[in-house]
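Each structure below appears as structure tokens.
In the two complexes that follow, chain A is the common piece, with chain B as its partner first and chain C second.
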Partner chain A sequence: MARVAEQVGPAEAEREELISGSEAIAVACKLADVDVITAYPIRPYDTVMQYVAKLVANGELDCEYIVAESEHSQFEIVKHASAAGARVFCGSSGVGWMYAFEALTVTPALRIPLVAMVGNRALDDPGAFGVEHNDALAVRDLGWLLVWVDTAQEALDTALIAWRVAEDRRVFLPCAIGCDGAFLTHSQSMVKVPPPSWVRQFLPPYDRGDLLLHPDNPITVAPQVNEDWLMELRKHNDEAMKRARVVLREAYADFERIFGRAYGNPFFEEYRTEDAEVVLVGMGTLSMPVKVAVRQMRQQGVRVGFVRLRWFRPFPTEELATTLSRFRAVGVIDRDYSFGSPHASGVLANEIRAALYNSLARPPLVSFICGLGGREVTVPNVLEMTELVRRAAAGEPAESTYWIGIRQ
Partner chain B sequence: MADSLATTPLPTLEPFKGVKKVPLEEYFTSGHRTCQGCESALVMKLMVKAAGPRTIVLGSTGCMYVANTTYYSTSWVVPWMHTQLGSSGSAGLGTAAALRALMRKGKLRSEPINVIAFCGDGGGADMGLSAISAALTHTEYNFLILLYDNESYANTDIQLSGLTPYGAHTTFSPPGSAKRILHQRWKKNVAGMLAAGHPSCRYVATVCASYAVEMMNRVRKALSIGGPTFIHSLDPCPKGWDYDPMLSHELGELAVECGIWPLYEVEDHRLKLYGRTKGIAEGRSRRRPVRDYLLRQGRFAHFTDDDIDYFQAKVDEMWERWIIPGVIPFASEITNGRGSD
Partner chain C sequence: MATYSVEVVYRGIFQKTLAKNITRGIVLAAVKQGKTGIAFGRYGDSPERNGIPAKNFAIVADSEEELQASMAQYEPKSVDVTIAVDDTLCKGVESWAWYGLQPINKLTRPGGYLLVTTMLDFSDLLRMTHAREQPYNLAVVRGLPSFSGLWVYKDDHTDVRVLGAISRLLPDLVSLGAVEAAIRQEWKSEQKVASARKAYERVEVMAVAPGVGDRRKPYEFELPRWWELREGVTIPAIVSGEAFPDPTTGAVGGWRPARNPYFKKFSTRTMRPVVDFDTCIKCTLCWLQCPDSCFDVTPDGYYDANMEACCGCGVCEAVCPVDNCITMVNEAAFTSNDSQWAAWKRDREAYRVWVREKIQHRPERSHGFQQRGQYERQIREMAAAGVGGAGVEGVREGGPPGGVAAAGS
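And then the complex of A and B:
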């Protein structure tokens, strides 16, 4: 049954709370009236489930809250719950995410709009709790919508947007929200929590439509197709991912209208780029030290800016290429690695190289691997990277990839 | 919040009183590509006939996935969804959880809907055991996990599983000139393990489709008692066991009559033997020698008399030395109980 959208009344105001990135997403689960949530412990994502458990225990969130016996089961349970019509949430980190990998591969293929939080974590061995992006990036080719957020506020807002886009019939793909371990999952900041009526206006009920698994709709889901049909079905996913770009724009416009918070270009944030000669590009919470360093350098007359990519899938190829081709050189900071890849660069750097390939103006691109395993990306690191990018802009020969902040 | 402890409504499924009372409607029909003599296809047909049309079936990877659901020619009349090889427990749990949440919140009409997740012996006893074990502890959800056991990974070319009997010839355990018996492991006791290990699970049963009405009635009991339940079905497989496809029914009977496959159910902690197994346990019928069963199958053709004697001794031990014959394998040192020795 479609709910009647309620008008925003004067009595309904947002309130401010001091919460962490994980807690912000738990609050989003409550606001979205999620039906089935599955948990399994691994740091650092598991903090979201600790908050969910409290909400359930206190009667603030009415959902089936299932503590699974592995990540594989965790993701399989919500996959099937979603097929039967339930709004679902799940998540993991690091090797836990990899343990679920079989389920992660079939979820987009089945057109399941699962929203998952990835508390980004290094893939141990050797053991490391800190952030790296390789866990979530592992699904980048499979049909997952992938977004990285920077603040607890953005985490809450993006979770609501994620359900809206994932559950749009034009999309029906899962969405993973990348939250940097510790820097976001465990760090508190002031967050504006919207009233439920605003969320109901923004987020319609999940309608599985003619794909609902129910005795009134006796369909057979995921039969054997082999070479006869698999290619056509893969193309369906390709088209859905392309349509997601349009649906994302609609969702961000509606979000701004209802919640009064504007994100501008949904795909990436630009910081001090108007008159910049060179820019750095990165994802997630490294934006804090980069922005601080940009401000410092600006005071010394260095025309440097920063582009923080939010949506990695769908990748904003044209938008990003148009923006980046304005500058004299681009430095890409990867909190990940891709051993043996072109130029031995990070994943993001090579994606951006590919995006720029068709541009008439192709600025030199320098790739940086930095902040692995939770190591801090420091202001001196950013100054060092900016200097290398400026040298590339001046036409000096440069390496294609540098590891920054590493012991020699 | 509505009562978060309430389960979804349960169906009323009285036992069929004889084969003539079984409805004619089929919910697993033409369109499948199972082998001639496939007993597991019969299990699917009887399982969903027993459940009726208000049923959702989840099928994990295996023969009953690959052979039954060719795109555009599905054999399922009821809604059906594939699940991963090790996910039958999670599939049943997730589907039942969705129904419970949606019905409680008024997002879906409240009515009894059967949820059945099936798996083969590889998906159930090997890869999926952990998820099934977890699922059976979730008493607030109503669903049945049915394990159809054809004693090998039959879909992928007959490789041995944790439920392949001792010594059987599979493509992963061929008899060779240096080692006649490559597969030395004894078959897992899955139903006994799950019944003993999950005391809050209200119903566990073993079945064999050679006894079709009794098999269907156990499915009906499992779906109507409430909570998660488990049924283990032994399914003769002409391709994997290497026998004439016309003998599937007979081999199922022989497995029971030789005492290799005891038929029992554990309902609310009460164990009941049934069918021919009950007759054997009560001394009304003789347990046939395992030789009668083994020598009908090509997969045991390399057995010597010593091998057959060993197999017989293990089955005898099951009946004569287990604390609960055929069900619970350890003997007891407690003298005031039912311990032996």
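And then the complex of A and C:
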């Protein structure tokens, strides 16, 4: 482990700082005492690398900070560093993440824990910087843990949880933290920064054990295999992903105990759902206008709630299906697209349809494509979507998928 | 229970840190008063180009719940204060983030404030600023527009002076005491605290009645519907250009390149070239070197900087081999984008008088290479003009504000 330059005294307490979501992730790198960080600039992720560079330059973070010559190398370097026992961090956005794709595919197979921040950004072309979730979602089938956060505070906390879960021997998988470009990466808000001693209590040293790539532990990683090996190896990832659910619950419980901040159900947040008839579901910062709209509608007697999914992988199938079965209709807001998919819906909508399929109570599900390319999801948008969900609840015929907020 | 919104309109790159300091300072001061807040830039403005208008925002609320309405927005729909940290922004802003010219006071709520850092008089500012249908207030913090370079921040206390002024205009948003506490926390400077306090005492305000100001309608752009767009992320190219007539002889010739009619960029300009056509030797260097191809070739072979396309970079002045043929002049000294060459053709003597008058208004802005030693010169000028709180020793206290006066064209 690298040595943290800052010496800490016994009387440690949280302090509040005005920082952006990107800066919160950089602060988490410092608190986690990360050993190797690689960088390659692309908006909006690049704000993280700037803050990390500043921490290193100021002597606050003692790590190998490597600016690679491309995203592919960026992710390869941390993969190898992690194999050699280093705690690592990197990240990217949009097409930068796609350029790293070969490295992204091999990392989970080798059971490499690494934490990456994906500053969610629309894929080029056309060149656009605004948030869409398709970039991070591209790895959804490959063995990456995937989580979305909606505040800078949650970004910091979740990064610490991500190292804890990813580096657990039962998991050993990479984890990508989805942070909506602009709304989270570039907006400064008040964040409680915990003292390093709390973090040390929460986050044990990364111990790679018998998988450590080291001369004292002679191993070969990733030899060539044929059809008589691969299914068994894939099964390892399947089991690791299943175990991650348990490890996640443990981590959130410990986090609450040590940091005093409770996230409730780790997998998703429920907002005003107790007596709700219909709910909206979504990921990331669209929670903000949705919550404002829910409060407005509640004042007018509309019984609507909101479910914000955090962990997309592992997907909380049973928990989410049980929760959503309680309502008369469900509207899923996707900040992504899946062209030619069932019902031409968003990715999240189809995952939830699948999760609900085995439930005895299957409420009607309406899919909404909204806020693409960073377009604001507005309160009127949310009112419009809620009205469509309520109609579906009343048994009125509805489309499977609506594009909301498009000029037509 | 209240939410306050503040926007800082600034010049990309040159005032990036200044704008960030102001919005951070507002939120930190609000937190000192038990409120909460967020500070953010308008995402679409970035990556910033030199001088292009950009925006930062600070939203302050009593509770996290009230703040949520603002936390996933690009910009507020209306603001309590619009801060223009460069007075030429009052002519309106067209940023990377949108098409069309936005009046500087577009988001200012009725009865709200437009706060400008300037040495200009109220009447000169109002001549540049678009008229509104609702009343608002124009407030002024005396000082030269604060411009920095790409990697340096000119710490001339403009940030804290603006904070001090805001606490005077909207004490319910942040009190002077809270501003002082925030400055001590963020910058640990009693000098900066003193500067904020002076600005609090000296900020000047006037009420602006409906209809007062530039009544011209700013150019607009309507976004197309999805089925109106050409498929394949394809847009029509700009056609090449055309010859145009001499206003005195009617002879058609020269070449005016066609330009993007939707994104004009000229609100980037803080100074413009004034050309003395009597001394021009038609060497072509300004036309060749202009990074924005803003020069029209006239039918008689001169090069006329088209003010609908000029970004005010000053390269033409730098490359011109003739002494005093091209002079960069403070953009605040002009109220129209009309052709200088056409005016010269119509009446050469009147044009000579006009040029002599204009070139007195030297720009006080830094555009990199052109302005070495500018900061030191400015500090001396501000001290001579009695502008206190410039943050350096030897700045004289008291005295009336003065300095550069603009004139209409």
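A few points about this structure:
Keep this in mind: the second predicted complex is superposed on the first by the 398 of 408 C-alpha atoms of A that agree within 3 Å, B and C clash if a C-alpha of one lies under 4 Å from a C-alpha of the other, contacts with A are read in each partner's own complex, and residues count from 1 in each chain.
One rule holds in what follows: a residue touches a chain if its C-beta (ideal position, glycine included) is under 8 Å from a C-beta of that chain, and two chains touch if they have at least 3 such contacts.
Computed from a predicted model, the values in this text were never measured in an experiment.
With the C-alpha superposition on chain A as described, chain C and chain B fit side by side in the combined arrangement.
By the touch criterion defined above, A:407 lies against chain C but remains apart from chain B after alignment on the C-alpha atoms of chain A.
Using the contact criterion defined above for the overlaid structures, shared-chain residue A:398 touches neither chain B nor chain C, since it reaches no partner. Measured by the number of chain A residues touched, the leading partner among chain B and chain C is B. In the superposed pair of complexes, A:186 makes contact with chain C only, with no contact to chain B. In the overlay built on the shared chain, the residue A:85 is in contact with chain B alone; chain C does not reach it. Within the superposed three-chain model, A:217 lies in touch with chain B and out of touch with chain C [touch as defined at top].
When the two complexes are laid over each other on chain A, the CA centres of chain B and chain C sit 90 degrees apart as seen from the CA centre of chain A, to the nearest 10. Contact with chain B, but none with chain C, is seen for A:66 once the two complexes are overlaid on the shared chain.
Contacts of A:26 after superposition: neither chain B nor chain C is touched.
In the superposed pair of complexes, A:228 makes contact with chain B only, with no contact to chain C. In the superposition on chain A, contact of A:241 is made with neither chain B nor chain C.
Minimum Cα separation between chain B and chain C in the superposed model: 25 Å. Chain A residues in contact with chain B (one complex) as well as with chain C (other complex) do not exist. Residues 16, 18, 20, 43-44, 125-126, 129-130, 151, 180-183, 186-190, 285-289, 291-292, 295, 374, 376-377, 379, 406-408 of chain A are the ones touching chain C in the complex. Contact residues on chain B toward chain A in their complex (touch as defined above): 1-2, 4, 53-56, 58, 65-66, 69-71, 74, 76-84, 86-87, 89-91, 93-95, 97-102, 104-105, 107-108, 113, 130-131, 133-134, 138.
Here chain A touches chain B in the complex through residues 1, 33, 35-36, 59, 62-64, 66, 68-70, 72-73, 76-86, 102-103, 106, 205, 213-215, 217-226, 228-229, going by the rule given at the top. Put simply, chain C touches chain A in their complex at residues 24, 27-28, 31, 36-41, 43-44, 46-47, 65, 67-69, 71-74, 223-227, 233.
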